[in-house]
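Take a look at the following structure, please.
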Amino acid sequence: MIEHTVQVRVRYAETDQMGYVYYGNYATYFEVARVETFRHLGCSYKSMEAQGILMPVLDFKTKFIKPARYDDVLSIKVIIKEKPGVRITFNYEVYNEHNVLLNLAETTLVFINDQFKPTLPPDSVLTIFTPYFQS
Amino acid sequence: MIEHTVQVRVRYAETDQMGYVYYGNYATYFEVARVETFRHLGCSYKSMEAQGILMPVLDFKTKFIKPARYDDVLSIKVIIKEKPGVRITFNYEVYNEHNVLLNLAETTLVFINDQFKPTLPPDSVLTIFTPYFQS
Amino acid sequence: MIEHTVQVRVRYAETDQMGYVYYGNYATYFEVARVETFRHLGCSYKSMEAQGILMPVLDFKTKFIKPARYDDVLSIKVIIKEKPGVRITFNYEVYNEHNVLLNLAETTLVFINDQFKPTLPPDSVLTIFTPYFQS
Amino acid sequence: MIEHTVQVRVRYAETDQMGYVYYGNYATYFEVARVETFRHLGCSYKSMEAQGILMPVLDFKTKFIKPARYDDVLSIKVIIKEKPGVRITFNYEVYNEHNVLLNLAETTLVFINDQFKPTLPPDSVLTIFTPYFQS
């Protein structure tokens, strides 16, 4: 299992007139959280994309529990429970500075090659991930 | 049951460097689709909010099947299967101009009053919805 | 001279907690306004891009006079005062439904080819524009 | 004079299909840059807003020189040349990691009170700013 926490501060642009973070903006926070988790593990999503591997999102679920507000520093715990194959699933828990759980989410992404065909992650990525999923 | 189709044209701002609509931008399309469905039925979300009733999103799920692209005119079919109570669930089917299904989504929203307490929809809304859900 | 008015309805996602349209979101409205002006004249920006001509923005100015609000239908008057060459300048006037002037803007874009070099607009575009700028 | 540099990493959501940062997204970067400059000086924009002082944008200009790209860490130098009165003007210079100047911008904001009337900045803000503008 992999767990890593990433912090994101809420921008004014991301609020709406309800005074909350607009529900659609969490998708961007989750993107930042998974890219920074990759970087922390030693993978650069940018380099992977430059090598012709893209990772579109297949599936996205969020359960909103409490609102996030302007200027909050959100802690996004990213959890990868299973060793990535052609697909990789990320779970997210979002907390505010008072350690209150704001929402829960899950995204599944697929690795695709430059022919837009599903593919296994590059060896450089598999090498990094494998040790975390030894039984 | 209520069914209504709303069209939205993809903006350049909504694409990403993959050449697809960024996955987070569908949330905004679904917002537009449900607000226009309300307007079509005779309810204005704006007026409802001015009367102190807000509708935050509790739950949001999307399954991405095919990408949408710049300048596509998307047809978003909105389906309300059950009579709204304190909560209301919208299902969405997104098609492009070739009638290809691009994604499926579901959002559940809650009606809250100016004390931020869950509440039934205003009578004006219930009156409009009730005839669609006679058994 | 070319003048054309395009309408855009303000989305909830585009408001911020001040209850106004976030100032950064007008850039997207101006994009929609110029693309729809092109379409009205008989040019498709999408097709032009598919032929290898891109139009990045060089210069962008806005003067905010009054705020736009959620659900407002904005009328964006697009004005092209000079015949496009390598560059094209659009002026914008944004009005709400009460015909109140909300803001004024100007963008200058450059036509670039697939070598990212500035270039004249394609003949198909010049042919459409020329009659509007006969002295 | 006040000068302060703020770093922002480009998110995937902020790119467009040209492979650049969408021109409208710089407005958000400038918001982050000025709020972090305020925080660095000892002012919290959030607290100021909680006390009933808002700062809408009156005027916004950007000159785009080179594009920013996905995952770039942008350094945004914020410059306040004149002591704030009812209005405050920020200049911005955006550089990438190779210290290449990408764009130049300027925003003017106005302090308004809870009656939406232009007002001087609160004393707590003036006290912080004054020493930087002694002749």
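Note that the chains are named A, B, C and D in the order they appear, and that numbering of residues resets to 1 at the start of each chain.
The criterion applied here is as follows: contacts are C-beta pairs under 8 Å (C-beta built on N, C-alpha and C of every residue); 3 or more make two chains touch, one makes a residue touch a chain.
Nothing here was measured: the structure is a model prediction, and the numbers come from that model.
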Repeated interface matching A-C, over half of the contact pairs identical, chosen among B-C, B-D or C-D: B-D
Between A-D and A-B, the pair with more C-beta contacts: A-B
Chain centre separation in whole Å, for subunit D relative to subunit A (CA means): 28
Subunit A and subunit B: spacing of chain centres that average the CA atoms, whole Å: 25
Junction residues of subunit C, two or more chains touched: 12-13, 18, 22, 24, 27-28, 31, 70
Touching residues (chain side subunit A, partner subunit D) in the complex: 11-13, 27-28, 31-32, 35, 44-46, 49, 70-71
Subunit A residues touching subunit B - in the complex, by the definition given at the top: 18, 20, 22-28, 31, 54, 56-64, 67
Footprint of subunit C on subunit A - complex, ascending: 12-13, 15-19, 22, 24, 70
